[in-house]
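These notes open a run of structures that come right after.
Look for chain A in each of the two complexes below; its partner is chain B in the first and chain C in the second.
Coming up: the complex of A and B.
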């Protein structure tokens, strides 16, 4: 009698099936994750001196992601944020970004790095081809330089050159009206301080040609004491002072200059003053410091912007920062682009993103645009005003004119050899 | 280099007054930190790398007390007393265990506490920078002396530091405790054999050093922003001061600190891009010509 093998499931395949079954019972998220949620990776600075800004970036992202998820998610898939600390080190930012995509399976990247780290993450995006939106780097060259251009990267941030044009033209207006011809500058001694101060004085002199810079001070970043800088400026007797000191350095400087009554002796233009991180910390904020808007909930003075600022404060018990609005805007762009593309595919979203205009509380006219040719944010609310020591801190902001910005930006790009 | 500005300043009384007081302010705060460092080294033979933390705690203690009580005097007291207690605990619990140990071991323990103290501040007060605010009494127009600008708060600051320097100098050279401390620095074994509790002296000296750094932090709090890690840059400059003045010498710390202050204030006029460099250059010159520092032989 011969035994013939009965047709059906063999022992081997039964074992394999059982194994797979056991796996899916033990690790159900493997199957579910790919179908339902979309992971977005975000390297940002969560420790060290600028941790406050990184945290405020994460907070803003979570505020918006919760809204998107409640409304059905990104093209039907719930967003799962994976936020990692880069400690502000570029090489760490690049490593984290790569790991987020390769190991954690993130399909999109929000790059919450400052300028130094953003270029490193940009290279990772170039290498992996993953869709990446820079949310904190203000360095103009990141998008203005055609060498940096890649189809899958965007910048949803205010830009250094825009700020310089608006600041220069605003300051020139005041300089002409008040006859401020002798200027001093005092900015931190590193790339940002040098570049920003150079661009500001470039446009200041362009709009007010008889302005002369008679004294320059370059204190080092995070210097505890500015007394010698303050007295040096007092000796030079300028009529106006420009500074791009920021954060704790700026508040130290103000406290130390205050007791020399510096603010009564000259007009002060401090581009980074009108940010809640500095405004709420300085105890004796002098009246009448000119500043660019970083983020304040009263500019643009719309109910949407005020409501957003209040909602953020209600959730996190502090006011948003300049980094917050930029990160929130990035999520708004993603949501709108995914809806239009009806997909979470990075390539398809990128195609829609280029040239996309969305409604946004931080737009100069209620909308912001992701410019198509260089993938950078334009149309955001940008302006200068003077401070008062209590809320709303900057009661009136003079809006920058985007037509002028575009003209001068094009000229600047040409002079740099970018176009 | 801008030598015209420097010579212009040296011939103008207004500029001379402003820059000299500016140098004194920087120097006196530095002295308070550096003298603690040098005192601890002189008696305990330990390079207290974590000394900057006491400056930081002094500032935070003062800020919190000021915000709670609105009293500037209490704030200064809290800054000084709080760090004195902290110094005593730190010395008795941790530092006293590594006295005989390798220098590297002592350095590692101190460095560990630099990181730990920074994180403690971050946990209690948060990572963001803070500001204490100038007391209303000092929010007045600066004084004009011979055309130079001198803020009243800085006069107080220089005065307090000067009093501390004098009390410390006289106390160590004349009082009985001062003599015991100097004896302990010289020959701890003999002092111990005479029935004096050297542990108590060590703890006391450490507390005194911490208190002076804390006082410096408290005095600086109204004009400097407070962040975790703020002690570090002050510590580096204090090391320069002690190296210039001579490790273990109080007079050296005073002279070194004032020299650094004046180099900064006048250097920023004549050599705006090399002010930091001037400090180090001066240190190198002193080290080469007199390796023990200007007052190195006078052990405290």
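Coming up: the complex of A and C.
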């Protein structure tokens, strides 16, 4: 028998050599690529009742991160997002945030938590010193309270107190014009509901002193049946109703109140109505509900905002939420600050971020500012309008005045002992 | 001494020395376990591993204390999480408002927990089975609602904000991650050792008798109500310790700590690890946290994965992991001896 194999280099060793060659050529590239990417960690709520909002936050972040990466990245480094579910539990949010920084090597944090979770992540940021931008927590105390202040944390979110000031002055205007003196309130029974309603009526009475609240209802958060609440309000016969119910609670409430033709009997002010998650879900959206703008692609009525809303819809086949624009804005801030600092170092970015004004589709005048003294977002588009049952849902929005907001906010901070 | 009594005394002697021997063995195991855990930071720089062990301490103390009720006494509490939350809040509030040294806050928290647990327990332990389960759940929701609505004191649904201050005491700085880690391990080991002593003491055997036949225990002259109340308060103390470890880990306290889901997780851990061995809940804790941490890294549909796992344990093994292993081991040993 003759040997078929010819002496020389075998196929196996050829392959091995080729592999080794490829490795030696590619290795520096791989290594460089790894060093070049900058990881940004993001704990948010991807399961449970508000999963839709958490998902919309992630979507918006990815939309913007793709743009930043296509334009060369964060100070020359491509961004790699690591988004992880916290289930809305603060202890999980804290764990995930720590894990993202300590194990996954994230250099920056976008905190997509709401309420208690955001305070837990805030403590992690305090402990680890990592740059953290809160993107979903509307609780005013997160940045207004000086005890909470740390140099490495920012909040890129609308704020309860701003909404109340604008809502109060808008509602007072209508109350005076239409002679609405008897008011009722109906808000969820937890800190956000209580605080926001209290602040709204405070400013409503300030601008329209003869207003009187004759009935208050506090349904439980995530309550399925509102019959009792609706009949209580109808019996009180108010001329106007304020509510800061949101999401599924608001839509169930409207569907159930529709049965009693409530919306024909009084003016309704629902601050969280003008959000696509509510607008598109309500079965028969009544005409003429007054609402603050959460996110709506027709306000601010600029081509940039409309284009952004359409791009989001084209990519994810649904409209953005209030959480979406806030997260997108956070990425825009990061990109601009990294460019200015010419670095991805958290400390340097933080220095630039404080007081930074950027161009943004969601700004009242085309720009938004990260206020320097309390690290919170101001200058975003904020206003109120009335609904119609079909797109664009809220055709005209009356813009809030930021000068008034700043004045009253400063007063409010003083009354709370924050300044 | 009659002949009979003398004989009984002699028979008791080896039992007593056996118990003492076991106690020494337990202490030895605890010391070794502590030495291994405490030396871990010397070998690894992984902060995540240390975080994991700290969380295991918090949940482990909580779940093992629940097993004192469920496994040893047959009291299935659905509201044990209230003491976890109570521990976290009392400790956090005392540190924030009074600024006392940490050991003082620790002891004060235990005292507060003991008083509240005694009051709640006095009402609950008279009830049996499902009634006991639901009244404990009701008390838990009461405490949870109180935390939510007493916003000026507890911070409401946003929790205790501003961080928990950690002044240095006896050279221990709990703001330092390694110090916090070693302190958590020490609390875990001490807690487990104490609970082991309770479980192996005559009192522990009284509890087992109550679990198996409360009427007989009563006829033997045991005050069943008092025994149940005692173990209820003791279990609450260890759950409260777990809550304190968690409060230190997250540097805050949140209403979720006192919500029924925490009690649910405790029951889930006990099902995973097993209730017929002392270390079952500890094994369950490690399993659940490992599962949770790995699964959430990859998918947000962790609920499905955890559901499948519990189905496997409930329908497949029909018991907790350590129960299964222990039974398999006895079975094998008996088979070996039979040969």
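Following the convention adopted for this analysis, the second predicted complex is superposed on the first by the 385 of 419 C-alpha atoms of A that agree within 3 Å, B and C clash if a C-alpha of one lies under 4 Å from a C-alpha of the other, contacts with A are read in each partner's own complex, and residues count from 1 in each chain.
Criterion: contacts are C-beta pairs under 8 Å (C-beta built on N, C-alpha and C of every residue); 3 or more make two chains touch, one makes a residue touch a chain.
Here the structure is a predicted model, which is why all the values come from computation and not from measurement.
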Which of chain B and chain C A:396 touches, first, second, both or neither: neither
Which superposed partner A:94 touches (first chain B, second chain C, both, neither): second
Touched partner set for A:139, first chain B, second chain C, both or neither: second
First, second, both or neither for A:411, with chain B first and chain C second: neither
Touching partner for A:210 - first (chain B), second (chain C), both, neither: neither
Contacts of A:365 with chain B and chain C, given as first, second, both or neither: neither
Residues of chain A that lie at the interface with chain B and also at the interface with chain C: 47, 51
Touch list for chain A against partner chain B, complex: 47, 49, 51-52, 55, 216-218, 220, 222-225, 227-232, 234-235, 247-249, 251-252, 255-256, 258-261, 277, 281-284
In the complex with chain C, residue positions of chain A that touch it: 46-47, 51, 84-85, 87, 89-92, 94-96, 98-99, 102-103, 115-116, 119-120, 123, 126-127, 139, 141, 145, 147-148, 190-192, 194
Footprint of chain A on chain B - complex, ascending: 5, 9, 15, 18-19, 22-23, 25-26, 29, 127-134, 138-139, 141-142, 149, 151-154, 220, 222-227, 229-230, 233-234, 264-265, 267-269, 272-273, 275-276
Chain C - residues contacting chain A, complex: 46-48, 51, 55, 148, 151, 156-159, 161-163, 246, 249-252, 254-257, 261, 293, 296-297, 300-303
